[in-house]
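First the structure, which I've put down as structure tokens, then a few questions once you've had a look.
The letters A, B, C, D, E and F name the chains in turn, as written, and every chain counts its residues from 1.
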Amino acid sequence: MGSKIIFLGLIAVSCYVASAADPSPLQDFCVADQNSTDPKVVEANDFFFTGLHLRGNTSNRFGLRPTPVTVAQVPGLNTLGISIFRVDFAPFGVTPPHTHPRASEVVLVLKGQLEVGFVASNPENRPITKVIGMGDMLAIPFGLTHFQRNIRNGTAVILAVFNSQTPGIILMANSVFGSKPDISNDVLQKAFQVDQNVISQLQNQF
Amino acid sequence: MGSKIIFLGLIAVSCYVASAADPSPLQDFCVADQNSTDPKVVEANDFFFTGLHLRGNTSNRFGLRPTPVTVAQVPGLNTLGISIFRVDFAPFGVTPPHTHPRASEVVLVLKGQLEVGFVASNPENRPITKVIGMGDMLAIPFGLTHFQRNIRNGTAVILAVFNSQTPGIILMANSVFGSKPDISNDVLQKAFQVDQNVISQLQNQF
Amino acid sequence: MGSKIIFLGLIAVSCYVASAADPSPLQDFCVADQNSTDPKVVEANDFFFTGLHLRGNTSNRFGLRPTPVTVAQVPGLNTLGISIFRVDFAPFGVTPPHTHPRASEVVLVLKGQLEVGFVASNPENRPITKVIGMGDMLAIPFGLTHFQRNIRNGTAVILAVFNSQTPGIILMANSVFGSKPDISNDVLQKAFQVDQNVISQLQNQF
Amino acid sequence: MGSKIIFLGLIAVSCYVASAADPSPLQDFCVADQNSTDPKVVEANDFFFTGLHLRGNTSNRFGLRPTPVTVAQVPGLNTLGISIFRVDFAPFGVTPPHTHPRASEVVLVLKGQLEVGFVASNPENRPITKVIGMGDMLAIPFGLTHFQRNIRNGTAVILAVFNSQTPGIILMANSVFGSKPDISNDVLQKAFQVDQNVISQLQNQF
Amino acid sequence: MGSKIIFLGLIAVSCYVASAADPSPLQDFCVADQNSTDPKVVEANDFFFTGLHLRGNTSNRFGLRPTPVTVAQVPGLNTLGISIFRVDFAPFGVTPPHTHPRASEVVLVLKGQLEVGFVASNPENRPITKVIGMGDMLAIPFGLTHFQRNIRNGTAVILAVFNSQTPGIILMANSVFGSKPDISNDVLQKAFQVDQNVISQLQNQF
Amino acid sequence: MGSKIIFLGLIAVSCYVASAADPSPLQDFCVADQNSTDPKVVEANDFFFTGLHLRGNTSNRFGLRPTPVTVAQVPGLNTLGISIFRVDFAPFGVTPPHTHPRASEVVLVLKGQLEVGFVASNPENRPITKVIGMGDMLAIPFGLTHFQRNIRNGTAVILAVFNSQTPGIILMANSVFGSKPDISNDVLQKAFQVDQNVISQLQNQF
């Protein structure tokens, strides 16, 4: 258990009827239907979330607990192009390597000291990493692989900030070894250049 | 009365189902529903507006009458990213300082002579102003504070052009002193550095 | 007959409820309705199309048969901003001069040898053309007039790639001479600088 | 002569170093060079244009004179996504069928009475036209073929408004018959379904 | 003194050569120059900022100190479309009513208790406000007027998050009363409906 | 060797001076420098690439050879938002699981039969896969993990199409196990839930 439920908030948002950016229509014309939402019924709670000061439960194999605040939690974020996450780390907890398919990120350390890094795309694969502590931030470019690691024997907390209302998350290990049904052994053996025993061992973790 | 009803056309548009710009999906996927609008029922009147040659009634405290032509008036503007306004000025009428949250603007003088200006954002606060007359235009950058002032003892008319189908308008004085319920006195006293009497005097105008 | 039905797949797509690009809201706010599409019901066939290896019937006046793969054929392309076409050419077949109102294009020759070209916008009107064969590609800038011509006495096949899920197509001759009801003779005579007999002759072809 | 010089202002703008829209980087990262333009040297004239009240010379075959106000004329329009044109018509003058590759348009009649229309893309080719007079506007969807025709024996003036700083223009007749060197006869004969004599006659007009 | 220097970091960034979003070219074509920046010289410090845990000096008339982290401070934010601010409040300190011309915002309270609100655009002018404390967040829609007020006799700290690398800031009072040279008295008297004495009194604060 | 050089064309493109999408300026204003590129010097070869009919050398551990056609190979693709790849597969060759940080993709099979699939983002991790053959296409949503596998004992060829001029590629195994210097063992052990021996074994493949 663990990673499966951790990010549950993220994918529940799918096909909102969102009002579009102004330019670049999708077809010749699309005459508006003027029965619109009444701005008078909007209220502060549509834009509000509470509890980001609370420590999340990090009792799972990553020593990790994200608390997402996306359009799935705050409907008023719809069309605003922004969201945030609190992420709690147990001592030596990690956010495993992952990408966000639809956002850049800024990582701000609220507590503790972490190694934070991202990896340039192929063929560079050059990691750009830094140990950062309370009050430090590191920017993560759009769509690149990145990770965080709590390097101390104490809890740590970061705030992760995204320029999308639904940034999405792809945990690389889970996406590759945890998809059900499995990705073909053949693909994984060639990708990782190891035999089937190792692949099966990796898949059994998820 | 006056400013309350002047801009009424603007906010009535809210949550149209607009077709989106092509890139940057909001989620992993969003399979299309193929029951679409029939392009055969679209007609010229969906794209049409009449009456922009008519003088608006400027009997209000600003000496001002905007006539908006946005998606609220012309449904065919949906997804097209463009709108226009005719604005009539009484002698010495003014458009008070305002911003458009979602558009750049071009001001074209059709009649009369006006001082037109915009103010660079903080910390510059540098106004860039010019007296312009019939056949002159001045561009107003996206989101900046701007105003127009009829400097002659005769009527004036401008055409204001926007690159959004719903540019929105924030009259700064109304937004700050005219919101109901009031913004806290404390915020306003600190913002304007004057005592409560002056703040109350300002609020009473709206 | 011919050109009328050739592109039928293109325009049938009109007002999909598409999820929008993240930034640039269309109005102040648009609180989300959280009854969303269930990602679990999506299946591979929503993203699939078959038959692009099959020769299209080119028995028409252009010697041309496009096979479109847009969101009208593949609902999963919704919000993805991409589509492709196979285009078959009879010997000496042509794609007449046309524009795509909403896309750039890449032309890849799968078989045969064609002259492919585009024309810079006014006042240049400079054509940039090249004879290209199997395995060659030529990029066509966004919105510009372009055409393809099979220069050999054998069939030819291209793949046309677009960065829009509904690029649209405007065949210039059909748009000008084939619209029903007709565009006024006066417009066409002035545009083409020929007398009414020639205009009528041109209109009668469509 | 005529159409060649009329639109000269449009194409002279090409590869400005423009600051980009915020999202969707083009590569992994692009660290900023902090030697930036000084906002203090910007002045009102960078955003200003005069002369739109002046009648243009319409002594040419279209009876037409556009006066463009794009980033080529007003450098401050850079990144603002907006531009305008005054267009003068001689009695019965026409804007021949054309497209703008990068903009939606709003047409506002300042003087006279014109037939204004656009044509839906293939396979519809349905024209949506309307006779409009002083104070009327008609919206023209992004990228579609459109035209204007002065239907009276007097001058007419329109203002054309675009949501691009360089909308571009493709006069369809000029693009097809006026490109130098010529587009192959074969392409044009097939496109227009007429013999070479008619094609040559058409090309000789340009 | 005070507000002038507070936001200094924001405006120093102006005309970076930024790589653009992929679609919607500004002209027909713009062939690339292939002398590109070397990704190998990029280093972690280009994406890094430190000191956000440090209390800012709030000895000014607003009782306020923003610490900006935009592309002006962190060059690696270029093209990433994201930035953050720490904002310190003295007891009862306020962020005066302001707009960001180019961003949505999320406000997260790190310490203390504040009233946070935004005002819908005209003609609504309806404030949506809420008292929020540690661990609470409130979203502020794109371009709307908003403010924060520390309601306790103790310091407060918020983190403000933006979906732009240079959101910009327009303090409404400063923009209107603090611009140098002054905006015409006539404009201000009409906008605020008070006599010249009050206007002068307001201008003298800046 | 192998995967290091395969994708070399991709990353060499970095900080082109690209003209931007029209809306959403990055700062208040950015007055244009009018010394622009001359459209007259552009030529067909700027938009041209040859050799996509040629079989690539697949003698590497993946049995794979991509031939990229991005802005790095074709400078005229700058600002056009589109690119293509030919990909050759040896018998049973695979494209290992990867993401494109900046593009949606369409896969078209030119020869052979492949299993093609993508994986929904967390927490779903549901693979959507299909065996597709010559003339079949499958769309891959923006930013999601995907792979291809030649399921036959013969060569296979696909064409991959992207809606970005520089889509980028992140081979997940290489990004995680092949980055130099290594990502911390601790991060990888927690991510993959295996001991250091297995991690070292995996790293040694790259």
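Here is the rule we go by: contacts are C-beta pairs under 8 Å (C-beta built on N, C-alpha and C of every residue); 3 or more make two chains touch, one makes a residue touch a chain.
Remember, predicted model here, so these are calculated numbers, not experimental data.
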Pair exhibiting more inter-chain C-beta contacts, D-F or B-E: B-E
Equivalent interface to A-F, taken from C-D, B-C or A-E so that over half of the residue contact pairs match: C-D
Copies chain E and chain C - interface residue numbers shared by over half, same or different: same
Chain C and chain F: spacing of chain centres that average the CA atoms, whole Å: 26
Whole-Å gap separating chain A and chain C, where each centre is the average of the chain's CA atoms: 38
Of all residues in chain F, the ones touching two or more other chains: 11, 13-30, 37, 39, 42, 47, 76-77, 80-81, 101-102, 104, 117, 120-121, 124, 126, 141-142, 144, 163-165, 168
Residue numbers on chain F that touch chain E, as the complex places them: 11-22, 24-30, 37, 39, 42, 46-47, 71-72, 75-81, 102, 163-165
Of all residues in chain E, those that touch chain A in their complex: 23-24, 39-40, 42-45, 47-54, 69, 74, 76-77, 79-84, 104-106, 108, 110, 117, 120, 124, 126, 128-130, 132, 134-142, 159, 161-163
List of chain A residues in touch with chain D within their complex: 22-25, 28-29, 81, 104, 120-121, 141-142, 144, 163
Contact set on chain B toward chain E in their complex: 3-8, 10-11, 21-23, 61-63, 92-94, 96-97, 99-102, 115, 117, 119-127, 141-145, 147, 149, 168-181, 183-184, 186-188, 190-194, 198, 201-202, 205-206
